[in-house]
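My questions will all concern the structure given below.
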Amino acid sequence: MNITAEHVIKFVERVAATVKEQRDYLTDLDSAIGDADHGANLDRGFSAVLTKLPTVADKDIGSILKTVGTTLVSTVGGASGPLYGTAYLRAGMVMGDRFEMSADDLVAALEAALEGIIARGKAQRGEKTMVDAIGPGIDALKAARAAGEELLPALRQAVAATEVGMLATTPMLATKGRASYLGDRSIGHQDPGATSAFLMAKAMLAVIEEP
Amino acid sequence: MKKLINSPENVVKDALDGMAAAHPDLIKVSYDPDYIVRADGPISGKVGVISGGGSGHEPMHGGFVGRGMLDAACPGAVFTSPVPDQMLAATKAVNGGAGVLHIVKNYTGDVMNFEMAAELGAAEGIEVASVVTNDDVAVQDSLYTAGRRGVGVTVLLEKIVGAAAEAKAPLAEVKRIAEKVNAHGRSMGMALTSCTVPHAGKPTFELPEDEMEIGVGIHGEPGRRRVKIASAAEIAEMLTTPILEDLPFSPGDNVLAFVNGMGGTPQIELYLMYNELVKILNGRGITVARNLIGSYITSLEMAGCSITLVKLDDELTGLWDAPVLTPALRWGL
Amino acid sequence: MKKLINSPENVVKDALDGMAAAHPDLIKVSYDPDYIVRADGPISGKVGVISGGGSGHEPMHGGFVGRGMLDAACPGAVFTSPVPDQMLAATKAVNGGAGVLHIVKNYTGDVMNFEMAAELGAAEGIEVASVVTNDDVAVQDSLYTAGRRGVGVTVLLEKIVGAAAEAKAPLAEVKRIAEKVNAHGRSMGMALTSCTVPHAGKPTFELPEDEMEIGVGIHGEPGRRRVKIASAAEIAEMLTTPILEDLPFSPGDNVLAFVNGMGGTPQIELYLMYNELVKILNGRGITVARNLIGSYITSLEMAGCSITLVKLDDELTGLWDAPVLTPALRWGL
Amino acid sequence: MNITAEHVIKFVERVAATVKEQRDYLTDLDSAIGDADHGANLDRGFSAVLTKLPTVADKDIGSILKTVGTTLVSTVGGASGPLYGTAYLRAGMVMGDRFEMSADDLVAALEAALEGIIARGKAQRGEKTMVDAIGPGIDALKAARAAGEELLPALRQAVAATEVGMLATTPMLATKGRASYLGDRSIGHQDPGATSAFLMAKAMLAVIEEP
């Protein structure tokens, strides 16, 4: 099974809906160790994305993802704007003018996205950021593919690993982003960015799972 | 949520409209992307000095746009770094051919967004330099972390650097002075109450009636520690000692002392804190050569204060004393 | 009680020490009896302009002492009129031989204490005139009551009258202008939260999370009515309509518009309120010729705002624009 | 029985003690319809009076009362400072250099005090001020004397009338002082100044009643 441009559009719409729905939850997480705006930031960004989406409705995957990326950069602000913006941009650059992608294309796109996040934010794994959810997710996706799994089961394992990665941020001491200012007091709280990354992973799976 | 607003979504836009209506002689406001520029800019041959950051810290930065201080300010959503589009548009708007300095507070979001804007500005052929303020001693510094937050020094730096740019100092010189102010300044803050972010609708943190947060950030980020409420003298000591030891400041030093209110602090308490600060500094042989007392870098309606000290030499003192004419700071003009 | 203080007893004294330490170039502070005078006074041949009132309204009045505004201010205990000894000492200290004007806010205590001081001053051969401000439209006026409170107009009046005195206008003329400003000005305020008087230790009134007090006084006196929280636009309407109807203000009028914060109000909200005010006034054909936006007559840490409008003519506009150099207001110098 | 200078000293000391003890109560009353400072105001004033009292310990009643009056004027501020200050000053002027006063002297002193308050504050009875407690008290004292009562029973009746006057301020609409700003909302609260006046009346009785 391949991922189509239509899937990508549905994925983006689903992320926008999830972010709106989970806006207060994300903001609450950000209140504990940040500045109480992560939900509002992403909601503002993906609401803007939704208004842009019709302009790329019948375009290739690269155009769709790049539009998402530039829109996020231009509307989110904060740390998550440049990070997610760069991630979508880089993924879009990898996909170029394709209208379909294979499981391996997805791996390549996600790896480029993560590299973009790391290049901008300079966070390693274990610093209590979105990287700690996305990294293990990609690892699991690659491992499942190496073990010969098809897209859907591989994606299921990737989402599960993303969730584990997200939950693993709770006991971590933050050393990047705003939560790092808390020192030891950052321990015991789940990272908001890791949580929004997991929500995106879940949205991707849901779109592929749809009949 | 008790606020004089129309809706959380419109806070920044409505306030910008108010600023534009209030000070047409000093500033002009552009929307989408949002930024504030000097009414009389761009000035040919002058380095453009711009800053920006999340809203909710007023008068910083928009209130500092004007003669002898900032050429432009980019207001983000409340407590959220502005986006590169704003900074790029502002950079272009203030470019008088002598380059542009970006004054960035050290927050991951601000740094990344300004970085992207600087890249875009450079791509359009504008010479852009940046300085990142990171004066908050409440945060442990290390090569491996996000480092210290930029807080009170930012206000003083914008004034001092703005004076240098007004005097037509070249970009490298303006940047040198900016780095010098940052290197010679340290701050620490505290909160008696939390702020409430409009779109969150409830206080960012809960602080019991008899407790305060020492080392708090300007976005309601929790601080170093939570302790029982103490006297103004003790609070001044808790804020000043880490500042003095960090640089360190030494007997014989002249300093610019800045007692800042967090937004919900009455002025009587700021003068009272200033009095305690002067006693501590005098006790250590440090002279307060200049001072600034008021709510200039705030955290919405948070009650509390911060103390900033900048070591002065003749160069910085002269630039501090130079005339300034902005909505929030004005003297000599 | 969450305050940056050492003890309720020492609040005023400690803050005065802080002011004296902060602004030796502008003011001097005397103790027992307590008053603040211009550093360069008394000025021979110039009418001395003094005011005073309870503390807790900072920067009013002490922050307005300096060139082009007040010659002296007498701070009472928090929310308590100062005593005649202070006013008498200040009257003598600023007397440059041209007489002294007392600017008194219309509160029973302030009026009586200033009356006693004026009697004592006259007994010592100093010509003393008084003006009583009573601009608060929230209070019903009548011959048989204490009348209206003096609020926001007091700040604007002190600036305008100070400019006249600085230009060496004689006492009768200074008094005429003072009465003119008061006659042409009206105010109304509101509170989102109560203040806490330091020696009381708890909020003066309880305001549920979804209610506000319309027509509140600057001492936490309950207002005209308590209503559900509304939008900034609606609040601006609630404050402005009674002001406009009372004088009344008419299409074609030029006004000085003053949006004042009560002490715990962030500046972003004040600019937002100013924006609403301008919309209302423009809708009625009234032009905002000058404005002042900030926390200048406060009520400790109360959150809320007040709106003041003064009808301007050329005389008042010119005096408003004249240079002023005080800790809290400065322009043109 | 006559009132001696010693009685007057004891009276002043007792008022000072009562005001300190009832400080928060008076301030609470003032919170409801004023500005929450009446207790603190009087406490500050009478604390200052206590430090001045030794200087007039063996002086005549006029000197004692005038010292109280000037000290109150110089230290209380607000509305109650000039009002109580004037009251004690006027009473002191009536007593002059006497070391003892009769019940009739007391009536004359109190009447002068009330006249002073009315001259300064311009309040009539029924405006919800201290005048509404002091006025009925003096009336009762005079009536009892007219009916031939001795000092002590006359004073008891006067204190009772002062209390009735104080309580009668609750349903009144304030038209003078700070409470007048409340209009109708001043109704239903007891006036703080009437209350402090009653406390002074009680202190006077207690000193005379002492064995």
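Each chain carries a letter (A, B, C and D) given by its place in the written order, and its residues are counted from 1.
Here is the rule we use: a contact is a pair of C-beta atoms (placed from the backbone, for glycine too) under 8 Å apart; a residue touches a chain by one contact, two chains touch by 3 or more.
Only a predicted model underlies this, so the values are computations on that prediction, with no experimental measurement involved.
Taken together, chain C and chain D share no touching chain.
Of all chains, A has its CA centroid at the greatest distance from the CA centroid of chain D.
Chain B and chain C have centres, each the mean of its CA atoms, that are 29 Å apart. Distance from the chain A centre to the chain B centre is 32 Å, each centre being the mean of its Cα atoms. The distance from the centre of chain A to the centre of chain D, each centre being the mean of the chain's C-alpha atoms, comes to 75 Å.
Rounded to a whole number, the gap between the C-alpha centres of chain B and chain D is 55 angstrom. Looking at chain C, no residue sits in touch with two or more other chains. For chain D, the set of residues that touch two or more other chains is empty.
Taken together, the touching pairs link the chains end to end in a line with two free ends. Pairs of chains meeting the touch criterion are A-B, B-C, C-D. Chain B meets chain A in the complex at residues 33, 54, 76-85, 107-109, 112-113, 115-116, 138-140, 142, 144-146, 149, 197, 199-200, 204-205, 217, 219-222, 224.
Remark: chain D residues 27, 31, 33-37, 40-41, 44, 73-83, 120-121, 175-178, 180-183, 185 touch chain C in the complex. Of all residues in chain B, those touching chain C in their complex are 2-7, 11-12, 14-19, 21-22, 55-56, 58-59, 63, 192-193, 209, 212, 229, 231-233, 235, 263-276, 278, 288, 291, 293, 295, 298, 300-301, 303-305, 330-333.
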